[in-house]
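Both complexes shown next keep chain A, but they swap its partner, so chain B is in the first and chain C is in the second.
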Partner chain A sequence: MRSISRRDFLKLGAASTAVLAVESQFNVIAYAAEQLIEGGRSVTRASGLPRSFLPSTCMQCPAGCGIIGYVEESRVVKIGGNTKHLSNQGALCGRGQAGINAIYDPERLLSPMKRVGPRGSDSWEQISWDQAMEEVGGSLASLKSRNPRQLLFLTDDIGDDHLGQRFTHAFGSPNIIASIGDFNANKLVADELTWGASGDMPDVANSKYILIFGANPLESNPQYLGLSRRLVQGIRDNQAKVVVFDTRLTNTSALSNELHFVNPGSLGLLILTLANVIMQEGLYKRTFIEKWTNVTPEQLAQHLAQYTPERAEAEAGVEASVIRTVATEFATTAPATTFTDQVLSNHSSGVQNERAAMLLSIITGNIDNRGGLCLPREQELAQPEPVPAPPPPSALSNPPAYPLASEQTIAGTFAQIQSREEQVGVLISHNCNPAYSNPDLGLVEDVLKDETLIPYHVAITPFLTETAALADIILPETTYLEDSDIIVKPSPELVPYVSLRQPVVPPLKEARPFFTIATELAAIIKGGMEQYFSFKRVDEYLSARIANIGGLQAAGALDYLKQHGVWYDPKSQPDYQAFKQNGFSTPSGRMEVNSERIAALGSPALPTYEPVTFMSQLGEQDYVLTIFDTAIQSDWKTGNCMWLDEILHRNPVWMNPATAEELGVEDGDEVKLTRPNNVGEAKARSVTSTVYLTEGIHPKVIAMANGVGHTAYGRIAQAEEIPYREPPDVLQNPNTEMIWWGHEEPGGNGVNPKQIVPVTLDPVGGGEAWGDMVVTVAKV
Partner chain B sequence: MPTVPENGSAGRSSETARARAAIYRLLARVFSGKPSCELLKGLKDSDMLEALAAFEVVLEPEFIAGDEKQQAAELAVEFTRLFLGPGPHIAPYESVFIRGEGEEKPRLWGKATLEVADFYAEAGLAQAEGETPDHLGLEFEAVAALAREEAEQWESGAVDEAARLRELQRRFCSEHLLRWVPEFSRAVAGSTRSGFYRNMAVLAENNVRMHCGGDT
Partner chain C sequence: MEIFTGEAAGAGPPKTKEDEQVAEDIRYGMVIDVRRCIGCQSCSVACKAEMSVPLEVFATWVKIVERGQYPDAQRFFLPRLCNNCENAICARNCPTKASYKRDDGVVMVDEHRCIGCKYCIASCPYDVRYINPFKNIVQKCYWCYHRLDAGLVPACVETCPTRAMIFGDLNDPKSEVSRVLATNATQVIKKDMQTEPHVFYIGADEAAMSNYEEEINYFTEPLFFPKIRL
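Right after this comes the complex of A and B.
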């Protein structure tokens, strides 16, 4: 351009001054006498750059492994495993390492957003935190004075969201609910019924015989690395024999001594048959049954007699001789344990199936012993005073139709909202993505879009997930690498531990930790709520959480955790079979094999095989669809992690060659999976994918991986390649141009098979029966 | 047309520095967040329109005649879409436009970010937490802060210090702003649906070119 006169220059200066005079101040940078202080940093040999590191806790999946975040020049450059951590002991999976992708996702939300136009129209206005807090706080304050019980707080795992629970209870609502219900909901209910504790912990590292029913700990498990590491220890150091019954060749079964395919839905029958053989052959532990259960061996033997190996061979498809051999080996090898997971419990008969599996450990006396099926051991934390009293339950937190289900296990919440069982005033969605994860996604979308059902939806999230896309206002939360919390999980080593999550780097831009958001909201909402959030700093809250742990207090309390990332009593050994002193936490103090509570719901009191309805209706063209988890994607959570998407981005249909021949399809052909007309409601009737031929699957089963097929959550999750241009005129993520799978057809980022799954709940447990999904398959 | 003299009196220099501070601060305001009604009203002031014209920025008559409240609402959405997302957007960070040494491609929080952070530290600028150092608004504000300080030094007679601060600003302008603001301006022109941000980007570019050219 031409040069400019001094007069014009000064004129613009003066005009600018005039404009700014009426603008509020926005100083973020100022001339200051102080200089940055250098020094005190270490330098890495490899790069020569100063590098600092901090221990923290991974949140990429539910396992909560100990991590070390390495930081160079204020940027996280590597995440590794914390060798001091009791669970993962230095190992870290790909998901954990890909946390870098999450924190530096170029499409992270870094300022509050308010929707413009109808819900889901993807038009947003940036607003200030002040305005956002005023609007959200205002809505919540008004709801609190009208009807606080109309607050619904959805989260993935209530155990990981203690602050969310405190917030909801302090607000006056009982409705903090796991958005989809625990993936092991029916198992948790069965465990609670039988021995008074949610969950179990097979002591696989010390077992000699491990009987796995549909579990796949080498790829997916709530304790993931902690348990897969110990399973390998059991196999390698202890020469344990591993026998797997499943419908699919998993990485776990690949490492086993024997894999036996069972007909879909018939694992319960197989397990009870194993128990029957043990009883009939007299291989059971009479004293244990008589002393620690509420049944007699005779009662059991009589009840189990109906499950003959010949019947199981006919119905479950496993040879009678194999069943006899495995039953004998299991009962005569000590110690031994069973190992179960979703494939067994995600059925409409899930609770009964899980009770059956526990029965095997019970009759062989492998309960809470070294190498047996152990009770979960988790460090108890203190509740910072004052503790908000949980408000009386609602139909959402404790559905009347499922008295054994809890806030953590129920999967029917969205259906309840749609049928107006309870009115919701404000929905807060935090660290969850029901619009991707739940069954019947159409129902979830309908509910989230309906302003009469959900008048106001606040999404607290770092990312624009499928769920946040349907919010009214988004509060940009920090990722797990930028905030703090105390994390406890059931310990795979059976010695309780405490893990600290702490900021590896400060929050990016305007992102705020949930602690800050909750505290500030409580101060705005008031009405007595603020007293529960009077912490001056997050450290005060964290310290209060661990105040009850004497050993940790002596070791240095929070400072110790900040330095080491984890604490456990170094002298502590697993307290096997403490029930011998204290009994079990059940009404009778014994293991309730004969359950009055389940009988009251019209289900058999003794563990019983209840054929899944689809089994009798399975037509020639019908197949059972298994949606399986992998070691690469954590359901919805890791979809925006580029490194993981490169490994797993599409989900072909696993199919046995015999099935393919029946259907006249070949490897790579496109097939359409269609939900039969008569089964429930769901967003879509069918999904399409390509065939992956493998002998590693039961001929009546087809399988698809979970964790791909996003319809939101940014361009990476949707495999949208953005060609690189120089100079960049649109934000370039150096990774997005490398999305080579964006070209693949069909659907470079896969499909979400959950969109054709209806809501089907175990009538006893209330957990989703994912495994009851029947589809017809046809070549496209 | 005469250029601004390089070696004026302290009074002249102070006046220049204050004007520079104000212009950079205005630009910082424009690119740091959605506009307010007051900002839009101020930009439509007749003195401002005249001054802008000298910078080859001519606001459209429809814009000048329009209702600020409605414009502020529309531009809030446009600002969000252009510079924040969600979805494809122009990330107003130097490191996204400039590849640092040893970097295969530009990236957020790249080498350039660190160079800018180092510059702030060296220049004695303290930054509030939160924003990445090489955000366009922050870079503009950094010059404004130094220019304000420079003006005060002229006025208190510390001419050496004032000259040093003036030199720092010019260095920052040529080493940082000049190497990416023109590309940024082009990117905005190619993506925006509003004349407003196209105009403001032109203003930013022309101001930077003049500053680095030694005109101002």
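Right after this comes the complex of A and C.
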């Protein structure tokens, strides 16, 4: 038996502790692979021999955690967290670790493919890169000379796809549209209107009282690991009290002090009632309101007086005494913060809901203070010269009906294309999957299949997703584990950082990084476009992106990032309340609680509760359908990861036993969910699933998990014994034969409920109202 | 400056001569502070990756339990793995001596000696041993012994986002795991079996610990769904 002496053990531990204590200002979780970058070792189980490793950045969800890829004989054998990364600090969630499943997905595309049958018939021929680039480059060159504005570029996250944006703009089109923008679109608009910045960052680790409205950060959040880690620090180390208002029991409410169930759709009313109590009881911060907002306390109190606890008790279903107590506790405990995300803002009244929630932090003075609701802090990056000028907006890039929408979102795009608001010449779908992620999937499919609407569809993707399956040609790009990029995200620690994505292993077979594809296409398309892609190597591009960061340049620039994976100013501390020097980035320099910009669109200037009629007057057979995200699946992205699918592969309908009794159904029974006539239009009218009984859900709400129910994306995502191409040696994995959840079994690999959700946008924010979904339920 | 935790396994305050004298006498143990667990299953996946655990079986997982009636329903998490018991019935009952206990307390299975007879699976009160479907032998959690031997903590401990898992040397009174054990009330699963588990829990739900028909390695439902007990 090999054994390590205590002495060696201590040496390792002490060394790592010292390094971290010197380098970090933050609460670093030092258990991780602490010594690795300092020259320690990681070992392989079979041999006990050291294995090599390289830091990089995850892409399994939008959080962008720092990862370390462990490599043996040119194969990634494990992915761990990078201790130095400010967001995840050495930890890594299951999704991040399951990235190995993605890079070695047995059905990964490793050579270009061209459609031979009708679109969507899954008949392909393998072609050479030369032929693929000639065909795609030729089509794009021809479009550029005719009408460059007819290029439509779809991606998951514009922030993560700077190259895609550069490509689209250099081509001469404004039409780059992100699907992830939809996630929080209404919230971002509300934040922008109120304090002049998109997004927020509750300083939960330092808070003493945290009010959560429908959010579930311990399972799903754009900053998942960073925020969930800090929330648990707040709860357990800082003894913060956490009060959750929600329609279902989640992992977040499991760790909270109180969970209060609210009637679906009524969170906005509840929040404004809490604000009203704080104003009426005189618990507000007069000086803060007078100095930093554009309303007076008297104006606010008068406006809020309509929201009495008694009304909220009747309409929202929360006892008036509970509302009074929570309001008092929130206003008298400092620091305190609210916590919201897409659950509150994904309604047709989403912007108003979100403005209401911010109001609670505003009137109690908990704005950008330690432990309060903070402004997002994200490292700014340089635009490599020459910078292509953004072409004038189009109806697709900036829908005229939604002038406030800050990031172009995809929910309404396909309806616009179908109604021919703008003609598309070529569609490039890059690392996104609207045919799985959008509302009204039938509409998306119809548009993608219609060659008059989309004459040519190029999918740049490693995988044959639902969207790629409807392409004319597929360019197999690398996965993120073989790719390079500079990644920045809002920092949960409130100190900006910059993170590097670098290839942990070289591209498999014929896969090419997007940088190479974009550069080569630009060289073929020409027409002035090539000047924006004249980088000799990807390093030149990456270096240009970080050229503006003085501290990083002094530390060693790209070489530093290649070694450490991440950089932040080690002396930097959160610059709380910088607004006291500079004001807010709003037209008035103050927080615009009273918004003229929203009033100009016909919505109330002061935060107001706008009930959705069909939600506040649910019929006897009607239930609100909540489609929830989990810590296991990231929307479409992780569908081909077998370790995750094993944990969550189907999505029965979560239902209160009282509801089941009403409906005459039992656990495991098959039920049909049908959209009533007054809830908008979508091609698919109903879906069928099974009942899963739980006491942790409001009786008028039913819930289904997102991330399963794939209809393409390979046999792992589909849990099917479908014939598939024999994988090359590098992708062979005996586990592929071990998938024990059959497609044909009851519940199988689940169903995608988004197909019955109509496109319904918040008239102010332009973001999809996923939360306004009502269905009738019937036993099959 | 506040350090959330600055210690690797076994590390304590600056070492003394006394520490070095007990160097070879390590006895590993784990404390799981369930109050910090968020049920994210990161540990479950870390184990799959580190130990090449096949689909169909788990060596580590988070059991999720819901109790109580609406609107007072509650959800509890219970991370589960081999207890690496002091009194390892499984090892004692192994007819080929494939199961054995290392000096540091890790209960092992020698893959070359195991004949897959499942006596150990029947002996184990904790449902943590499984048959590897490819090799037809028994496997389990070994606390990542190869990592311990290299001075690293087990993969699940390393990856836990909220640091609910603490690992180290029970024989070293200065180790974090010993200090936590000394200052907190802890629980073990099925104490009355007298197996003397080396996995200790803080704040675990007693009903989640005592109700025990979970059959984790013989699935009918995804791990994600709570086991419901009213």
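In this text, the second predicted complex is superposed on the first by the 703 of 780 C-alpha atoms of A that agree within 3 Å, B and C clash if a C-alpha of one lies under 4 Å from a C-alpha of the other, contacts with A are read in each partner's own complex, and residues count from 1 in each chain.
The rule is simple: a residue touches a chain if its C-beta (ideal position, glycine included) is under 8 Å from a C-beta of that chain, and two chains touch if they have at least 3 such contacts.
Please read all numbers here as calculations on a predicted model, not as lab measurements.
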Touched partner set for A:125, first chain B, second chain C, both or neither: first
Contacts of A:236 with chain B and chain C, given as first, second, both or neither: second
Which superposed partner A:78 touches (first chain B, second chain C, both, neither): second
Partner with the higher number of touched chain A residues, chain C or chain B: C
Partner chain(s) touched by A:692 [first = chain B, second = chain C, both, neither]: second
First (chain B), second (chain C), both or neither touched by A:255: second
Touching partner for A:662 - first (chain B), second (chain C), both, neither: neither
Chain A residues contacted in one complex by chain B, in the other by chain C: 1-6, 8-10, 12-14, 16-17, 20, 27-35, 734
Chain B partner contacts - residues on chain A that touch it in the complex: 1-6, 8-20, 22-23, 26-36, 73-75, 104, 106-107, 109-111, 113, 116, 122-126, 128, 464, 506-510, 714-715, 722, 724, 727-734
Complex interface listing, chain A residues touching chain C: 1-10, 12-14, 16-17, 20-21, 25, 27-35, 40-45, 48, 77-81, 88, 90-94, 97-98, 100, 218-219, 225, 228-229, 232-233, 236-237, 249-255, 259-261, 630-632, 642-644, 646-650, 656-658, 692-699, 705, 734-735, 738-741
Residue ranges of chain C touching chain A (in the complex, touch as defined): 1-12, 14-15, 19-20, 22-24, 26, 33, 35-36, 38-42, 44-46, 48-52, 54-56, 66, 68-71, 73-77, 102-104, 133-134, 144, 146-153, 155, 157-163, 169, 172, 219, 222-226, 228, 230
Residue ranges of chain B in contact with chain A within the complex: 1-5, 15-16, 18-23, 25-26, 28-29, 32-34, 36, 38-39, 42-43, 45, 47-48, 50-52, 54-56, 73, 76-77, 79-81, 84-91, 96-97, 104-109, 114, 117, 120-132, 138, 141-142, 145-146, 148-149, 183, 186-187, 190-191, 206, 209-210, 213, 215-216
